[in-house]
Amino acid sequence: MTQRQPGATLAEPGTDRLSRPVLEVTDLAVSFDNSAGGPRVQAVNGASMALYPQQTLAVVGESGCGKSVTAMSTMQLIARPPGRFDRGSILFEGRDICTLEERDMLSIRGGKIAMIFQEPMTSLNPVYTIGDQLLEAILLHQRVGPEEARGIAVQAMRDVGIRKPEERLGMYPHQFSGGMRQRVMIAMALACRPKVLLADEPTTALDVTIQAQILELLRELQRDRDMGIMLITHNLGVVAENADVVCVMYAGRVVEVANVFELFDEPLHPYTRGLFRSIPMLREAKHRLVTIRDVTDEPAEFRRLPGAVPWWPDMPQGARPALAAGRDEHVLVEVRPDRWVACWRTPELEARPHRRPNLAFRRGDR
Amino acid sequence: MPDAPIGHAPQAISGVDAMRGVGAVQAKGFWEDAWARVLARPGAVFGLSWIAVIAFFAVFAPLIANAHPVTLVTDRGREWPLLEHLAPADWLLLAGAVLGTPWVFLGPRRLKRSQRLGVLVACGLQAAATVVLSAAVVAWADDADRAAWVKDSIRAPWGIPSAVAAVALVFAAVAAWVPSVECRRVRLGAAGLTAALAFLACSFAGRTALVNFERYLEDERSGAIREVVWAPVPWSPQYTRSDMVAQAPGTRVADVPSLSAYADTAFGARRLLLGSDALGGDVLSQMLWACRLSISIGIVSTGISVAIGITMGALMGYFGGKVDLFLFRIVEIFMAVPVLFLLIVAAGVLPRNTYVMMAIIGCFSWTGAARFTRAEFLKLRGQDFVQAARANGLPVSKILFRHMLPNGITPVLVDASFAVAAAITVEATLSYLGLGPDGQASWGKLLSSATAATGTFVWWLAVFPGAAIFLSVLSYNLLGEAMRDAIDPKLRKAAH
Amino acid sequence: MISYLLRRLAFMVPTVLGITLMVFMLLALAPGGIGAGLAGSAGQLSDTSKVAQMQAYFEDRYGLNDPVIVQYARWLGRISPVKFGERDLRTPSGERVAPPRAIDDPPLAEAFPAPTAEVAAAPYAPPAGEQLVPEFKKLQREAEGARRDYIGSVRQFRDALAEWAKQQGPSMAGRLDSKGSARTEDFRGVEFPPDSPGYAKLAAAAAAMRAKWFRASAARERALAAFRAGPYPKSGIPLLPGLVSLDTPDLGVAFSKNRPVADLIAAALPVTLLINLIAFPISYLVAVPTGILASVRRGGWLDVGSGFLFLGLYSVPTVLAGVFAIGFLANRQYLGWFPVSGLHDSAAASMTFLPHTDAAGLWHRGYLLDTAWHVALPVLCLVYASFAVLSKQTRASMLDNFSADYVRTAKAKGVPRKDVVMRHVFRNSLLPLITMFVGVFPAMLAGSVVIERIFTVPGMGSLILEAIDLRDREIILANTFMVACVNLLALLLADILYAAADPRVSFNRA
């Protein structure tokens, strides 16, 4: 799929629109200066993923695994310094975002790729009205007059289920509840009809009923607008209900990619298994909750994948298989059709043909 | 969980590692860490060095700049006029510097340096209190209004020593009781030694009020002096000659037209290194002696304002409610009128002496410290460790001073350095306006004589004291800036 | 909004009371007390008993012999816009005329036989019409003169009393105070036996005092009658007729200059405000943009350079800057570019407002430029210190906001960096800058006291320094009062601006 045919779009717009990834992250590596004076922090280290229109790609992993940095890199919102792009590319509409001029990026950011953040309480500027902030985004990216922009803003508010939008536009953020503010954030992000929405834990700060409403809302809007959503979360329940494809990250690397059903049926990487087993189950009486580490500290877990040893940074030197010479000790292997798992880069794996994770899967229940 | 291999520092660590603390630097104590950060800044080092220079001259000014000879031999034998004329405070300062410096830097290892410094500060306070109060007691008893037996007993040979001894004992008891340092033996020893030194100094140091400097010149001229050793700067601030007014820096005494009679004497060969002022006093000696005022006024008045401010702020922040409402009105009063304005009024109508000036600067500038402390205490009040202390039934004083104060004091301490700078500025301003302490060498006073009423401008009276004031204020500001950057966690976070 | 303003104004009252009470107490604490300056002015008279009488008269006139708290209450009564009792009159020239003051009974009157010649004064009917004003003025003068005589005689009586007591031996001499003078209160209930030594002199003094009291009260009665006849219109607005009225605050009469303090302040306050109102925008206009640029290019040369420069400037005390400016820039010995003192040239009154060239081709700088030329150095000395405070605050709050979540949101919307900085970061950083007003304005006002002294500018600062030298309580108190009011209004303005800038703050909830 990395091969691109520019003419194809004209020939068959309907199907082609959905059969090409809208965003493609390839071997991305981002690092930061350490403020405490220690070594550089390699936040993302060779992550690859692809996002299709109408697809929800869930990126999961514990805090610090690099999922937010990946999203922020896509928006080019990483401050440089202290941040630095070490290698890799982020392709959007055939252009590498990492090499774009700031001027070109401005039209993409907010216009074609939008992002909503985790903290609805503080993500709106307290001194401007909701209307000001919505109109700012609309006027920046769409060639419309103020009246028309207002119409768009009202519609965007209505789309996200805010009642009496005309009235609400004149209100300030502090007059809104957390859930309402997040709806405003979503309205703001969607007002310009972006191709890609990066949702960085959009519901973590909200209570459960609001969470469900907002995710439902996102799903509807996604279908209407052919939008690809990168859903960053560590809530596996949210993933199970909303994601099409899941990308599990650990320590700046992608450790497993699969469609949501296969992954939940049979997680292949020990870390993924640990992630799932750490969720408390209602009917299981346990002395103590299982941690991810309980699973990854078990050597047997690493032998369950025939033909390869799953990559794991904490594996003692002796337990690691003999590695192939090369830049990286880590390789993402398509162990089964459309299933990718991070493995140690052994000579036999090196010899196999490689395909970067790329799944156009969309769940059928919608 | 296996740690990152020791001895093999990774080139870069992953975000997950960083979350686990891999690559973090071993933490030092909070103050130690902050102090190291302060010392890492050249500005702060410059500031500390300049303050050290000022402090050195403040202590040793009587030995360096003095119009009394160190020693001289006449027909009456050998005399030590300089030492005889040292005041009790001079002796105590010298003793404090000579004994205190090795104590702080080479004292017993089981005490931390900060603790040893604390002991020295406590001794200083004790000595100062003894000196001030015994002088006050003696002056009171010697007053014409007192009953005859009081006057007679203080004028008896044992009168002053016994009065001083009583005062010294009282303060020694207080100092021994106040827990300045954990170790009891150190505390008692320090309090006892300080009381003994203060007693000796106050009872037996020179009390000659009238000083005749001309005596030495006459003796020198008449040849009565056989041998004499002068201080490095043979001038005192009090030594003014009306025939030596406003001489430029570097002038030789004999070159002053009205003093040509001294052409062949040792006096005539002296130089006025930084010139002389409008009253005919040597500028350099005044500059050196004024270091005392600069150091003491800054530190003492800030000490007073911090003490008042912390107390008020702690009360407001801890109790809140009505106490807060009432006390904050008082703070507001001080916010509504410029403090300098009040200081000018107060300094204008109250007696012109150093202690009054320290007191009024301290009493009128505590609101900043109070506001900082209040804000911190309001924050701390709701925190778990304070709630826990309260739940455990600790008395309010313990909660306030043991648990909350060490956590809430940081911004006040950072601000204190700026407050010292401000106090020095205020002193210079008041002295310039003619409202400064009488009979005290002061940079501000020198500065004020630079622009004479006649409209002439005497540059050396502006440049030298001006530079000293500027450097002192700058030093404290640089130090404060460095401390703020080192300690303020918000700024530190933003500074990555 | 209106109720908020009223509430705020009401809250200012205790603050102003607190400040003035504090200053009042401070003045009372001063050695020699509040009247110390008066003794000096009376001291030019050669005769010591005359000096004592003069002093007694001054003490009576300004009420200095009452307890401090009574004096303060009286001062408050004058300053308060709500007046109790009889309303003052106001002359056509705006001067305030108070009713003639009541006269206390002569001390120890009961202990001495009453003079036989005392007859009730004839009832007095003030003339009507045009005669009234000159008559009232005459009566006023008479009443004042008679009172002065009476007060002097009280003083003489006290001296006689002291002398008498000393002649009676220790039992009576013990009632004298430490300076050997007699307080009449301490002799209440004492028997004065007519055969005691020195009695004749004492009784004569008492009789003279009594006679003078009689004359003074009669004169006062007449003056009061004329006052009540209404030579001038009444001042203020009555609330409860005869009891409560509203009037403008009365700032009193300066001891030292014998002029109403309000006039002195009316002349001085505009000068101080002029300098401050020029300086204030300058300091913001320099410091705020520097702070913004420093925060945008953090760690760049501008950031580091302005940090160093401003901290250096901040460390220069105003007096130092003033002395250097006057010495090197203004003094003719050196550069002599600027005038040394004053606010205008001596010929300023005859200048045109704008610069112009006259018929002979000579250029005249005019009033405006002349003023600018004169205030340049004072303003310079006033502004430089606030650069550091303001620019540092700007920079710090800008940096705070740069890392705020809503700035990230703005960036994610695709807002160009320039707009992010100005519309989002700076707009939000304005709030602490408005609060800075609270610190900078008082500092400038205080700084101008010093600057006015250095540059001999006739503003509030010069006025108060002069008043302190002369211990003129009225000027000091009125000055404190005015400064506090100006300052509190400035703080109120800052709060209103804050509320206007921050939608989260609303007047109704504050």
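Going by the order they are written in, the chains are A, B and C; count residues from 1 in each one.
Keep in mind that, in the parts below, a contact is a pair of C-beta atoms (placed from the backbone, for glycine too) under 8 Å apart; a residue touches a chain by one contact, two chains touch by 3 or more.
Computed from a predicted structure; not experimentally measured.
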| item | value |
| --- | --- |
| Identity of the chain that, by mean CA position, is farthest from chain A | C |
| Closest chain to global C-alpha mean, per-chain Cα centroids | B |
| Two chains joined by the most C-beta pairs in contact, as defined above | B-C |
| Gap in Å, rounded to a whole number, between the CA centres of chain C and chain A | 69 |
| Inter-centroid spacing, chain C versus chain B (mean Cα positions, whole Å) | 34 |
| Computed distance of Cα centres, chain B from chain A, in Å | 61 |
| Multi-partner residues of chain C (at least 2 other chains) | none |
| Chain C residues touching chain A - in the complex, by the definition given at the top | 404-417, 423-424, 427-428, 431, 501-504 |
| Residue numbers on chain A that touch chain B, as the complex places them | 31, 33-43, 45, 62-66, 69, 82, 250-252, 293, 313-314, 316 |
| Residue numbers on chain C that touch chain B, as the complex places them | 12, 14-16, 18-19, 22-23, 26-27, 29-31, 178, 311-312, 314-320, 323-324, 326-328, 331, 333-334, 340, 396, 399-400, 403, 438, 442-443, 445-447, 449-450, 453-454, 464-465, 468-469, 471, 476, 480, 483-484, 487-488, 491 |
| Of all residues in chain B, those that touch chain C in their complex | 145, 329-330, 332-333, 335-342, 344-346, 348-351, 421, 424-425, 428-429, 432-433, 435, 444, 447-448, 450-451, 455-457, 459, 462, 466, 469-470, 473-474, 477-478, 481, 490-491, 494 |
| Residues of chain A that touch chain C when the two form their complex | 75, 77, 102, 105-111, 114-115, 117, 119, 122-129, 136-137, 140-141, 172, 174, 185, 188-189 |
